[in-house]
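Next come two complexes built around chain A: one with chain B, the other with chain C.
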Partner chain A sequence: MKPTLLSPDGLSGLIFLALVAVTVAGALVAVAAQRLVRGIAGLSLCFIGVAGLYYFLNSPFVAMMELLIYVGAVCVAIAFAIMLAEPRSEDKVGKTSGLGAVFGVIVGGLAFLGLALAGRHTHWAGAPSKLNSGSITEVGKALLTSYSLVFELISVVLLVAIIGALVLAQSGRDK
Partner chain B sequence: MLALSSQLNTYLFLAAFLFAAGLYGLVQRRSLIGMLISGELVLSGASLNFMAFNHFLAPDPTVGQIFTLFIMGIAAAEAAIALSIIIAVYRNYQTIDAEDLHDLQG
Partner chain C sequence: MTMNIELIRLLAFLVGIIAFAALNAAYLVWVERKGAAHFQRRIGPKEVGPYGLLQPLADGVKLMTKQLLVPDGVDPLLFKVAPILLLVPAVMSFVTIPFGEHLAARNVDLGLLMIFAFASINVLGLLIGAWGSANKYAIIAAARVISQNIAYEIPMLLTAIALVMATGSMNLNEIVAQQGGGLWHWNLIRLTYAASPLTPIAFLIFFTTMLAETNRAPFDMAEAESELVAGAFTEYAGMGFGVFFMGEYANIVVGASLVTVLFLGGWQSPLPFLPGSVVWFLAKMYAIIFTVVWIRWTYPRTQFYALLNLSWKVLIPISLVNLVLTAGWLKVF
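== the complex of A and B ==
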């Protein structure tokens, strides 16, 4: 059964293809751009695409969090760091060693081939039935019952990270 | 082509691509912030894998979502720490190029 282009399924398939294209293009810009500012723009583009894919995977809450945390917080923080510490001379950024690029292509290509082949040739056995719908209500219940310890622990981790970041950024301030 | 969104392999290939792109960036980038950006790509590939398996295979479809949320929290903490380290390094060395960050000659 092949959905036609103008049916609802066909249109959502079209949107999915667009999201995949956005993700791939964003990732390529993020790793290949000469200037770091363009790299961070590509990274946020890639995260927007991934958020759309999460929406297709039936979890709008995680998609929203992806937009809020990654695009809204992490990318903006990295952009600020680039403004504070970007190397001034352009030629320094552009001077990538050819050996590193070749080695990177080899390593990345091998990793992609290996993972893709493993994913393709494994027989994935699905669960016979789902325990619940995976809605945001179920996620909230699970977070506060089964995963409550992890939930508390990650808040401690974030607190330590905030304090650590402040201490690290303050040291050597008067230099 | 239009029914790709309901196949597990699409997501697996895309996650593998994100991981490989991040790995390429980690090897090839010379500045510390570029490496951090590539690391975020690797983490996002892992999250996408979790979400795909969660949607298509897992008996309890909340587990993968919660795991992805925790990955996001850890990634945010990691980015904050890494950025403040990068700023501190920049204050001391006036550069964030990984090959210039050495004190000993050799």
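== the complex of A and C ==
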């Protein structure tokens, strides 16, 4: 039977579509904006949409972390970096050349294709083996036991970032 | 049918929350003005109504009848969206705050995380408003707000993590329930056996960072009126400014509620034989808000570099040590 619009299935489909629309719209604003501040606003809208998708998929913890880290920290840090680097922030970003746009579309398309293929060909774990009670205890246990390698690798990435920032700051101070 | 009742309950709570936020914003302005006046040995508003109690209504009518001016050169969309962006996270945070034992719109398991997640958005409201209004003072204010927010969010989250380790839950209702049975069970002192003795330090750090995150004096760098005209709000007129103000006060109410829930036992009564109720919650919350007002009119604004140094060189190390010691204490006992 086809679900009607006002049945629970229909409504949840509608919510899903709305969240996808918010995400895509935010991403489009982020790449197409002429002003940097609009770009950041679009990026945060995109992240809010992604957080909504996580919440829709029944993992509230990831959704909240998405808001806290990506909207609250990454977007704000990007804004901070732009303010430090670019004093005349109200200036518009220059237009990209036609060749660059074509190149960008090709690279973006390839990335999309690769991710879509990977998504189609992965054997996804079934529902019972998912870590989806959403409780932080479960997530924490999983991170420190079965996925501890991933966890450690992420901390190595952060360490590299910190060392890089220190190196950059040091060379700036000597000048 | 049950779903409908749940929906109606949520709608009623939503309307109630928005009314609560608006009423608080209006009357906290009155508290602020009266308080400021008495701290400075003046009388404060007294013409409109008894003790000037109708002054907020008069202010509201004034703001609403003013023209919503959108100056040339601003980003019109972002300029209009920004005040709402400051207000919405505060309203969302109220959803999970337990005002009484059964008086919470939604009992969210990750309530504390949810409040922090939404609280981290409201700096974007200030940023977009300031940047969108293309005004030099506003942009300086935005730069300050961002560096202040980044600096103070870290110690706030670190102390919150230490507290979550001690309570073992992020559910605000459960955190309050654990603090039942009198004053000495509150997280502020916690004289129970398995509790960390470090919570008073956590309370001080949390309160300080709360002041900074809500941009209150002595940390009100966003709106340093003696240096930056009105900071991020410089270009706003009429109700645009009004909504910004409502957002600021709503955030203060959220911050004070959070302090109440986390450290002062929420709706629990201070003595074991008195029943807990929403009255205690409101009393504690308003006591915190009054302290916030009191601090504003007692201390002068700090310097910007002193503000950042306080966070990076004092609060973050202390909260890190607090985190490690709390972990050790919980492991040993």
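What to note about this one:
Convention: the second predicted complex is superposed on the first by the 109 of 175 C-alpha atoms of A that agree within 3 Å, B and C clash if a C-alpha of one lies under 4 Å from a C-alpha of the other, contacts with A are read in each partner's own complex, and residues count from 1 in each chain.
Here is the rule we go by: contacts are C-beta pairs under 8 Å (C-beta built on N, C-alpha and C of every residue); 3 or more make two chains touch, one makes a residue touch a chain.
Just so it is clear, the model here is predicted, and its values are computed rather than measured.
Within the superposed three-chain model, A:24 lies in touch with chain B and out of touch with chain C [touch as defined at top]. Touch criterion met: A:60 reaches chain C, while chain B stays clear of it. In the superposed model, more residues of chain A are touched by B than by the other of chain B and chain C. In the superposition on chain A, contact is made by A:101 with chain B only, not with chain C. In the superposition on chain A, A:77 makes contact with both chain B and chain C.
After overlaying the two complexes on the shared chain, residue contacts for A:171 are found with chain B alone; chain C is out of touch. Touched by chain B in one complex and by chain C in the other are residues 40, 61, 65, 73, 77, 80, 134 of chain A. Per the touch definition, chain B reaches chain A in the complex via residues 1-5, 8-31, 33-34, 36-38, 40-41, 44, 47-48, 51-52, 54-63, 65-66, 68-70, 72-81, 83-88, 90-92, 95-97.
Note for the complex: chain A touches chain C at residues 35, 37-38, 40-41, 44, 60-61, 64-65, 67-68, 71-73, 75-77, 79-80, 83, 89-90, 134-136. In the complex of the two chains, the chain A residues touching chain B come out as 2-3, 5, 9-10, 12-14, 16-17, 20, 23-24, 27-28, 30-31, 36, 39-40, 43, 46-47, 50, 53-54, 56-59, 61-62, 65-66, 69-70, 73-74, 77-78, 80-82, 84-87, 92-93, 95-97, 100-101, 103-105, 107-109, 111-112, 115-116, 119-120, 124-134, 138-139, 142-143, 147, 150, 154, 157-158, 160-162, 164-166, 168-169, 171-173, 175. Only residues 75, 78, 81, 108-110, 113-114, 116-121, 123-124, 127-128, 131-132, 134, 139, 142-143, 146-147, 149-150, 153, 170 of chain C touch chain A when the two sit together in their complex.
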